[in-house]
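In what comes next, chain A is part of two complexes: it sits with chain B in the first one and with chain C in the second one.
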Partner chain A sequence: MSDAISVSGASDQQRSLGRRLWDILGARPELFTLMLVVATCVVVIIANPDFLQMSNLVDILRASVVRGLFAMGVLVVLAAGGIDVSFTAIAAFVMYALTMLVINVAPDMPLVAILVIAAAGGAGLGALNGLLVHKLSAPSLIVTIGTQYVYRSFLLTFVGTALFMNIPAAMDNLGKASLYTHVSSNGVASALPATVLVLAVAALVTWFILERTLMGRAIFAVGGNPQIAERLGIKLFTVRVFVFAYAGLLAGVAGVVHVASNRLANPFDLAGMELEIIAAVVLGGARITGGSGSVIGTLLGVLLITLVSNVLIFVGIPSTLQLFIVGLFILIAGTIFTLRNRG
Partner chain B sequence: MNAVPPSASAEKPPFLEIRNVKKSFGGVRALKDVSLTIEAGKIYHLMGENGCGKSTLIKILSGAQKADEGEILIDGKPTGAVAGDLGAIGALGAGIETVYQDLSLLPNLSVAENVAFTEQLVASSGRLARRLDLATLHATARRALADVHLPTDRSFLTRRTDTLPLATRQLVAIARAIASDARLVIMDEPTTSLTRQEVENLIKVVARLQERGVAVLFVTHKLDECKQIGGRAVIMRDGMKVTELDVATHSKAKFSHWMTGREISETRYRTDPKLGDVLLKVEGLSKGVAFADATFELRRGEILGITGLLDSGRNELALALAGISPASHGTIRLDGKTIAPQSAAEAIGHGIGYVPEDRLTEGLFLEKPIQDNITLPILDRLKNAFGIISAGRARRTAEESVRDLQIVAPEVSAPVQSLSGGNQQRVLIGRWLTIDPRLLILHGPTVGVDVGSKDTIFRIIQRLADGGMSVIIISDDLPELLQNCDRILIMRQGRIISDDSAVYLNEDSIYRAMAGHTKETI
Partner chain C sequence: MSLRLDRQTLFLAAINGIVLVAGAFLAGRGFLDSYNLQSMAAQVPELGLLALGVMLAMVSGNGGIDLSGIALANLAGIVAFGIARTLVPVADDPLLFSWTFAALALVIGLAGGFLNGMIIAYAGLTPLIATLGTQLLFTGLAIYLTNGSAVGMGYIEPLDDFGNLPVFGIPLCFALFLVIAAALGFSLIYTRFGVQLMLLGSNAKAARYGGINERRMLLVTYTICGVLASVAGIIIAARNSSVKWDYGSSYVLIAILIAVLGGVKPEGGHGKVICVLLASTALQILSSLFNFMNISNFFRDLAWGLLLLMLLASARVNLGIWLKPSR
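Moving on, here comes the complex of A and B:
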C-alpha cells in the first residue's frame, strides 16, 4: 500500500510542474497571446530577415490604431457580458457625416472640436444600443445587428454615398503628423504616426476605467452574473448604457482616425471588420461569455491579428491563406482557454 | 412564552420591524398580512414549506421586491417609502445583508472584491463614477476574512471565487456581510450543501456575529440544526405567520405539524422489504485518489445508502456507477453481466438512472416545460415513423409521470422554474423513471426540499423499491438514510469502512464512523 502512495505522489509532483504553468496561463491568458505573437514574429524573421525594418514595424503600428480603438470598445462591452457588432457602422456614420459637416459648415474647425463631436456622436449612437438592450431585454447581438443595419442604411440613403477626397485640414494634419521619423540606411523614411497616441490614450483610459473605478468592477460584475450584480445594488441600466456608449465613443474617434490616415472619407469603409475585431479581443483572453478580459491582452490580440494580416506576405504566404492562419489561431486559443476554464 | 425581558426593548426600539406587510403576484397572495420584529444580536429561524411566502418575505427585506402594503421600520423609524420599498442599496445601507442559497458571489471577481466591493458601492450610494479604492478594498477584506478565519494573504485575496470550494465560498459570503457592517444577516438555507463539519464551523461563525450584536435570520428546513443553533423560530404557512416561539421548547413533530398543517411521522419508511436476487455486484472499484477498492452488492428491490464526508469519495463512486466519471479499476456486474459504463448514455442503456444532487445546474432545464424535462432521455422512443417526436405521446408520458409522482403543476407545458423545489425534484425523478431503470441512483434526493415534499419523495422511493427497482441513495442527511435504506455504506478517505444493515445504525454511530473517531467530533 505504501508503494501505491509513493507512486501516486511522484506522478502528482510531475503533474504539478505542468499544472503550475497551466495555472499561470489560467490567471493570465494574455501570456498565451504573447506567445503566439512572438512565435509569429520568430517564424517571419527566420523566413525573411528583412521583416525587421523600421518601416514594417511602423506599418504594423499604423494598421493597429483603428483596430485597437474598436477593440477597446468591444473589450468593455464583452467584459459586461454583452456583444457589439454595430461599432463599424457607428464609425462609418460618424466619420462620413462629420467630414461632410466640417467641409460644408466649418472647414476650419480645430481637431479637438472634431474629436469631441465624433466622440459625442459615437457615444450617442452607442447609448441607443445600450438603451435598446436594456429596455427590450434582448440579446445584445441581435440588437446591435439591427442597429448596425439601421445606422449603415441611414447613412447611405440619407447622408450620402459620394467619396470625400479632400478631407478637412485638421483631419489631414492629424493623418500627416508624425512623432518620429526614421531614415534607414537605404534611404527609406518611415514616420511613426501621431494617431498612435490616440490609441495609447484610449488604452490608458480603458485600463483606468476597468481596473481603478467602481464602474470597472461593476462592468465585470454584470459580466459575471447580472442577477447577482443587481442584488448587490449595481444598476444594470447604468452599466449597460455606459459600456455601449463607451464603445460607440471609441468607434466615433476611430472613424476620424480612419479618415485622417486614409485621407479619404468613404461611407462604404470599415464594414465587415466586426468579426475580426471581436476575434482579436477574444484572442487577447476575454471570454465571449463575459466577465473577463484585459487591456494588455486585447492590445496583444490586435497586434496578432494585424501581424497576420500585414506581414505574412513577407514569408510568401498568399493573402488568401491569411484568414486560414487567423482561423487556426482562434481555434487554438479557443481550445486552450476553454480547457483552462474546465481546469 | 415571553423569553425576552421587556426592559431592554422598552428603551431601545428593535432593529427591524415589519408591520402588516402584504404582497400579491397576479392573483396569488404570497403574503397575507405578516408582521415580524427582529432584535439586534438575536437568532431567528424562518421556517415553512416551499410556497409559504418565506422567500417573498426575504426578498422584501433585502429590497429585491416591493411590498404592496405595510411598513418597514428600522430602529423604530419608518423607512420613508410607504409600502416598504427599500431597494437593494437601501437595504444594504440599512445593514441588511442577504446570503442567498447561490451565495450571490460573482464568480469572475476576486475574493477581496466580492467581500469589500459592496462597502464602496454603499458609500457612493450606488454611483459608479468613483475611484476604486484598492487599499481600502484589501484592508476591509482582510479584516472581514480574519473574522471568519479565512486566509488573508494576497494570493487568497486575489483568487477568483469560482475556484474555491463551496464551504469556503459560503464563508466569503458571510465575510462580505461583516465587511459591510451588517446588522442583520439573512441566510437562505446556508447548510444545504455543507458537510457536518462545515456546518459546525458555520455555527461558530454565527455565534461570533451574534456576539457583536448582529441579528441572524436563517431560512431553513433542517430542524436539527435549528435546535443546535437555538434562537427563535418564526413559522409560516400559506402566506401567514403561524407562530413564533423558542426553538428549544418544542418537539420536531410539533414543528412539522405547524409548518404543514398535518402530522408527519419521523418513523422509518422502510417496512417489510421484499428483496430479490443480486442485481449489482461491484468488486474492487477504484479511481485515482477519489476512491479505492469499493466492493459491495445490491439486490433487486433493495435500497442502499452511501454516506461519508464530502471528500470521502461517495460522490465520485456514484458518478462512476452512473458512467459520468468512469472508474479506472475494478468491475461492475449488473445482472451477472460485466459492464464498464464510459458515459451517462451508456449507463442509461444498461438501465442505470442517475438523479444528480444539484438539480438546478446539473439536471433540469428550468425555463423548459415539465414535459420536455421528463421526456428528455426517451426522445428516441417517442419518434414516429418519420423520425419526428410525437407531441401527443410526449404529453401522455409526461402527464403519467405528473400523476404518478404527485407533481403539483398546472399543466405539463408549464416551465419547471414555476414549480417549488420539491416538485422540481420529482420532475427530475420522473425523467429517470421514463427509462424504466433497473438501478436508480439518487444523489441528495431531498436537498433543499421541505418537510411535506420530503415525505412524498420518500414514499415514492419506497414504492419504486417495492416494485423491484434497486435504489442507491447518496446523502449526508443521516435521518433520510436511516428512514429509507436497507443497508448503509459508510465511506471515509476513499474506502468503504462499514457496510451494515440500517436497523443496527443510528445517527451518532454513523457520524463517528464518517469522521473517523477524531476528537473534534461533535
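Moving on, here comes the complex of A and C:
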C-alpha cells in the first residue's frame, strides 16, 4: 500500500516537473523563442568559432533595427486581433516622399523635424487603415492588402521612381553616427550604430503602452474577444484606429532609419518584407488570433529571423536555404504554441 | 435566395461585357479580334486556378485562407521538371515526357496541399500562419533546388501546344480551366462534400453537432487547393517553357482579390465557382485593356487596390433600395 503511494507520488513529482516546465512555457512563450535563438547560436559557434566577433554581432544588431521597428507595430496590431501587411508600403511611401520633400524644399531640416514628420505621416496612413478596417468590417488582412497596393502604387505612379543617391545631411549623419566603436585585435573597426537607440526607445514605448496603460488593457481585451470588450465599454473604433496608426507611425520612423543606414532612398525597397516580419512576431509568441504577445518575445523573434538570414553562411548551409528554415521555424513554433494553448 | 445569387452572376457577367465593349472603343477593333481574345483566355487559368483554391480555403471558414498557392505551383513545376528530366529523355519521347511532368507536378501539389491540411486540421494552426509557414517552406525549397535562377525547359512540343495552342478557337489550357471549374462547381453544389463544406464554413459548431468530421473536411479541402495550385504550376511551365521560384510573386494578393471580387465571403460558408470564374476573366480583360492603352503597371496595381477596397465597401452599403423597382 505504502509502496503504491510512494510510487505514484514519485511519478506525480516527475510529471509535475515536466508539467511545470510546460506551464512555464505556456505562461512565457518567449522562452521557447529564446531556446531557438540559443540553439541557433550554439550550432553556429560550434560549426565556426569565427562567428563570435564583434563585427558580426554589430552587423546583426544593425540588421535588426528596421525589422524590429516594424515588428513592434505588428505586435500591437496582432495583440488587438488584427493583422497589417501594408506597413512596408507605408514605410516606403514616407521615406521616399519625405526625402524628396527635404531635398527639394528644406535641405537643412534638423533630424528631429524629419522624424516627427515621418511619424506623423506614417500614423496618418496607418489611421486610414484602422478607419477602413473598422468601417468596412472586413478582415484586416484583406483591407491592408488593398491599402498596400494603393500606397505603393500611388508612390510609384505619382510621386516618383528615381533613386535619391544624395540623401539629406541630417539623415546621413544619423546613419553615420555610432555609439561605440570597437577595434578588434586584427585592426577591424566595427561601430555600433546610433539607430539601435531608435529601436530601444520604440521597444520601451511599446512595452509601456501594452503593459502600463489603459489603452494596452483595451488592446489585449479587444484581441481576446471584441464582443466582450465592447460590452465592457471599450470603444472598438478607438482601439482599431490607435493600433493601426501606431504601426504606421513606427513604419514611418523605420523608413527614415532605412534611408539613413543605406544612404539611399529607393522607392522599390522594403517590398515583400511584410510576411517575414509577421513571422518574427509570431515566432516571438504573439498569437495570430490576438490577445497575447510581448515586447521581449517579439525582439527575440526578430533576432532569430535576423540570425537565420545572416549567419547560415558561417555554418556552411547555403544561403538559398534561408527561407526554408524560417518557414520550418514558424511551423514548429506555431505547433508548439498551439499545443500549449490546448493543454 | 437563388434569385439574389443569380443577380450576382449576372452582375459579374455584365461587367465582363462592359469592359469588353469599353475595350473595343478605347483600344480599337484589335481588342476584340480572335487573336487577342485567345491570348487573354490563355492568361486566365494560372490566376483563376489559384483564386479557386483561395475560394475553397475561405469557404471552409474559421479564417481560412491559402497564401501558399503560387509558391506550391512554382515548386511543383521545378521538382516535376527535375525528376521527369531524369526519367524520360525529352528528345526521344516528348509526349511521354509531358505526361510524366504533369503527373509528377500533380503528385507534388497533392503532397503540398496534404501538408497544409495536416498542419491546419490536425496540428491546429491558424490557416494564415500555417500557409505563411508552408509558403516560405515551398519557396525556400524552390530557391534551394534551382539556386535562385530560372530553369529553361527548352521547346517541348506537346507541353508548348497545351499552353498556347487553340483548339476550335479555345486555348487548351483555358479549356482545362473551364473543365476543372465546372467539376468543382458541380461538386460544391450537388455532392455531399460540397454541402458539408458550406455548412462547416457557415457554422462550424452546428456542423460538428451534425456529425461532420471537421478535420477530414479541412484536410480534403486544403489538399484540393494544393492540386489546383499544381495544375496552375503545369500551365505556368507550359506557357513560359521555364520554371522559376518567384514567378508571379504578386499572385498571392491578386488571387485573394479575385476571390473577393467573385463574392466569396472571407468569413466562410459562401462562394460560387461561376462568380470567381467571371471575376478572373473580368480582371484579365481589364488588365489587357490597360496594356493596350500603355498604362503603367504601377497604375494597374493602384486600380486593383482601389477595386478591392471599393468591393469591401460595397458589401457594407445596401444597394437593394436603389435596385428594387419602385412602385
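Everything that follows uses one rule, which is that the second predicted complex is superposed on the first by the 330 of 343 C-alpha atoms of A that agree within 3 Å, B and C clash if a C-alpha of one lies under 4 Å from a C-alpha of the other, contacts with A are read in each partner's own complex, and residues count from 1 in each chain.
What we mean here is this: a residue touches a chain if its C-beta (ideal position, glycine included) is under 8 Å from a C-beta of that chain, and two chains touch if they have at least 3 such contacts.
It should be emphasised that the depicted structure is a prediction, and the values quoted were computed from it without experimental measurement.
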Partners on chain A (chain B, chain C) - clash or fit: clash
Touching partner for A:Pro139 - first (chain B), second (chain C), both, neither: second
Contacts of A:Gln322 with chain B and chain C, given as first, second, both or neither: second
Touched partner set for A:Ile83, first chain B, second chain C, both or neither: second
Between chain B and chain C, more extensive residue contact with chain A: C
First, second, both or neither for A:Thr99, with chain B first and chain C second: neither
First, second, both or neither for A:Leu275, with chain B first and chain C second: second
Among 6-14, 294-302 or 384-392 on chain B, the segment whose C-alpha atoms clash with chain C after superposition: 384-392
In the complex with chain C, residue positions of chain A that touch it: 83, 132, 135-139, 141-143, 145-150, 152-154, 156-157, 161, 272, 275, 278-279, 282, 288-289, 318, 320-328, 330-331, 334-335, 338-339, 342
Partner chain A, residues of chain C touching it in the complex: 63, 65, 67, 119, 123-126, 128-130, 132-141, 143-144, 147-148, 249, 253, 256-257, 260, 266-267, 296, 298-302, 304-306, 308-309, 312-313, 315-316
Chain A-touching residues of chain B, taken from the complex the two chains share: 62, 64, 88-89, 92, 98, 100, 102, 104-109, 113, 117-118, 120-122, 124, 126-132, 134, 163, 288-289
Complex contacts: residues of chain A adjacent to chain B: 8, 211-218, 220-221, 223-225, 228-235, 238-239, 242, 291-292, 343
